[in-house]
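Two complexes follow with subunit A in common, the first pairing it with subunit B and the second with subunit C.
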Partner chain A sequence: MLAIQPVPVLEAVEGPALHIPDGFMSGPVAAVGWVITVAVLAVAVRMADRTLSDRAVPLMGVMAAFIFAAQMMNFPVAGGTSGHMLGGALAAILLGPWAAIIVMTAVVGLQAVLFQDGGIAVMGLNILNMGILTALVGWGVYRAVLTFEGMGSAVRLVGAFAAAWISVEVAALATTFQLALSDTSPLDVALPAMVGVHALIGVGEGLITAAALAFVVATRPDLVNQPVVAEG
Partner chain B sequence: MSRRNMSLLAGGIAIAIAVALLSPLASGDPDGLERVAEDKAFIEQAEDPGYEILQDYTIPGVDNEAVSTVLAGIVGVLVLGGLTFGAGWLLRRRRAGREGATGSPTDPQRPGARV
Partner chain C sequence: MSAIAFITERYEARSSPVHVADARAKLLGAFGFIIAVTFTAEGAWLALALSAVPLVIVTFAAHLTPMFVVRRSFLALPFVAVALPLIFTRPGETLFTVPLTGWTGSREGIEAVATIMARSWIAVLAAVLLTATTPIVELLRGLRSLGVPRLLVATVSFTYRYFYVIGDEATRMMRARDSRSAALPGYRSGGSIRWRASVLGHMVGSLFVRSLERSERVYAAMQSRGFAGEPRFLDQPSLRPPEAVAAALLVGYAFAVQALAHGWLT
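What follows is the complex of A and B.
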């Protein structure tokens, strides 16, 4: 007689997205994720409080709504795999890193609480990887590329693409290290797979980010030609 | 709120809803992390959340999958737009209140000023 072992698997894997579910990460790794995320979020609120301009307020609402919707649009990449936008780089380019972190925290938090996309215990890690790291890295890369702005207006779009692509890889790398630290998947197994598939997903992220920036430049150039954050 | 900011908010939310309307066209293939978790055999470690609200971006009781996904998307767009706009507005008002109290004559933003 066969004993049937109940295996806890995700019931509907055809859901449009999969953030880190509970069970992938060890308790200590998830806890450290929460500590870092809460600390950075506190800094972000403080900095946004000091620097937020009037224009940034409606733009924050718009970015959160758009990034949420865009994250639902999984696009196919090679080999029966899909990817979806993260949006942290785009938010940081348009809002600066601090308001972007607030926006991304709202998006990722609501996805876990309301839509059961991403675990509750690992929510700190999901916010850290997909919101905080993407915003900070995306912002840094974009500003660095912008030093070549004298070479023409296309530099901006190249910067947006590079910022978005690198931000996706950094998020994937962070997730991979956390999986290894959690003894879920060793680095030598997960690293090539995660970096490889997210190199393709990053191209999608880069194209969407550059297109969205081009759209904003065309329709509301005032949102990008002056810093959205107030001086001082 | 100024008319220009109002049109930014309305236009942006409209674009987000338009994207949500397209969400049934999204690829149903596993995404990057899910693909790696399947290939490297740790997908079975995933635990069910233990509760459902709008699980997997669907509205319970709406049988048509596409309609259910679109409605869930619109709910998310409106809740997030409102939540984040509200958070930004509160931050802005708090600062305006502080600056009003300390008397910053150069700052055009006063308590109750248009945002």
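What follows is the complex of A and C.
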């Protein structure tokens, strides 16, 4: 009764519904997104340049390819749906916030160009939501939880789970408010729906992130105890 | 050819004036065009139709078929769901009522959703045309000479290059997982969702370690070839006037359509 399965090939899977296409955001909201993103990116580029020196490009480029591929690896959830990760929090935990922002920017930018997954004029907002917010929030939550590290080694994994879960929720909240400001999606309907759906998606993100960190702690503890990229 | 390459290679080689045009002109033209379309007011059907005209012209000038461009543009559609509640929440003339729930759909709501979808579709078509006629390497070189930071452009070009390597690595890991997860027809395989998520997490962790170690080898290889920390880009010749004019005309046309539709001029 063995059936020959088609060879699994990574494909552009539908993930958290956060890649905003063009046309959904008003001009002013998209413009504000660009202003914030360009300002934060300028800081991130300077920080990465300083702390990484000439290692920066190969390290961050390959790491962005890793996040890109990790987003396409999925696991079956139920009823034909599948879960996968966004990766912003994981990138921040493993690489530090500034390198993570650049890595996520490369991922979001290429997705818009290669797959039309996310728009061009709204790319500033997409980078802000999925790259900057997830990295900064994920990093902040993870560091905050790590202050309780004395309580045991599981704290690190709890921190990773919380960082990933909250980062997805914050990204979803930001997207919802931007859509409401653009008069594209009514807040009273969209807010509970987006927060609810992403609370579940965030659990998947948290589980994957914590398990990924557990694997890295077990195989290359040196990478976790001393972040690959020093803090600013 | 890598399996990944089949889904990520967006460039469609043709010999056409659009393909050989300077990437900067195409980038600025597409970007300006998409921004202009973003301003389309709800229910401005004529403006939307007029905005689509340049896309038809570019499609034929690039020797692409409309079928090809349209087929590629459907990737962005699932996001439409977030706008659908507008049908029921936008106040206006009631067109229909959903039985049982008592929700009323308004004409204004339907117009709003249709406009958002059309705006989005036109923007996606423009992006499809840009990527189908310009190799990624040219786009990145164009971005660099338009002033995007060196570090950022170099990182993105490495991402594009190594995505094939890391993506194939990920595909092999997925294939290995599928091989381990045999199931009889009609029976579910594998454990709880939590267990499945942690299996994937371990795969992601493993992929991270392999990628990081690869980046160290890549860096060592670059150093041994004399990389001194400065990613270099070829100089771009200056923008050819006819191409700059064509890009300016495209953006100017798109904004003129908006100006007329909004009555900005009167």
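As a working rule, the second predicted complex is superposed on the first by the 189 of 232 C-alpha atoms of A that agree within 3 Å, B and C clash if a C-alpha of one lies under 4 Å from a C-alpha of the other, contacts with A are read in each partner's own complex, and residues count from 1 in each chain.
To be clear about the criterion, a residue touches a chain if its C-beta (ideal position, glycine included) is under 8 Å from a C-beta of that chain, and two chains touch if they have at least 3 such contacts.
Keep in mind that what you see is a predicted model, and the values were worked out from it rather than measured.
A.B. asks: Quick one: is A:Ile102 in contact with subunit B, with subunit C, with both, or with neither? Answer first, second, both or neither.
C.D. replies: both
A.B. asks: Quick check on the superposed pair: does A:Thr209 touch subunit B, subunit C, both, or neither? Answer first, second, both or neither.
C.D. replies: Second partner only.
A.B. asks: Contacts for A:Ala70 in the overlay, against subunit B (first) and subunit C (second): which applies, first, second, both or neither?
C.D. replies: Both partners, subunit B and subunit C.
A.B. asks: A:Ala144 contacts which: subunit B (first), subunit C (second), both, neither?
C.D. replies: Neither partner.
A.B. asks: In the superposed view, which residues of subunit A touch subunit B and also subunit C?
C.D. replies: Common to the two interfaces on subunit A: residues 7-12, 14, 17, 19-24, 45, 48-49, 54-66, 68-70, 72-77, 83-84, 102-103, 106-107, 110, 113-117, 119-120, 179, 184-185, 189-190, 194, 220, 223.
A.B. asks: Under the definition above, what is the set of subunit B residues touching subunit A in their complex?
C.D. replies: Against subunit A, the touching part of subunit B is residues 1-2, 5-6, 8-9, 11-13, 15-17, 19-20, 22-23, 25-37, 39-40, 42-49, 51-57, 69, 72-73, 75-89, 91-92, 94-95, 109, 114-115.
A.B. asks: Considering only the defined contacts, which subunit C positions touch subunit A in the complex?
C.D. replies: Spelled out, the residues of subunit C in touch with subunit A are 3-4, 7-8, 10, 30-31, 34-35, 37-39, 72-73, 75-76, 78-79, 81-83, 85-86, 88-90, 112, 116-124, 126-128, 131, 136, 139, 149, 151-152, 154-163, 165-167, 169-171, 173-175, 178, 184-185, 190, 193-194, 196-209, 211-212, 214-215, 218-219, 222, 227-231.
A.B. asks: Can you list the residues on subunit A that touch subunit B in the complex?
C.D. replies: Where subunit A meets subunit B, its residues are 7-24, 45, 48-50, 52, 54-66, 68-70, 72-77, 79-84, 99, 102-103, 106-107, 110-111, 113-117, 119-120, 172, 175, 179, 184-185, 189-190, 193-194, 197-198, 201, 220, 223.
A.B. asks: Any idea which subunit A residues touch subunit C in the complex?
C.D. replies: Touch list, subunit A to subunit C: 1, 3, 5, 7-12, 14, 17, 19-27, 30, 41-42, 45, 48-49, 53-66, 68-70, 72-78, 83-85, 90, 94, 102-103, 105-107, 109-110, 112-117, 119-121, 179, 183-186, 188-190, 194, 204, 207-216, 219-220, 223, 228.
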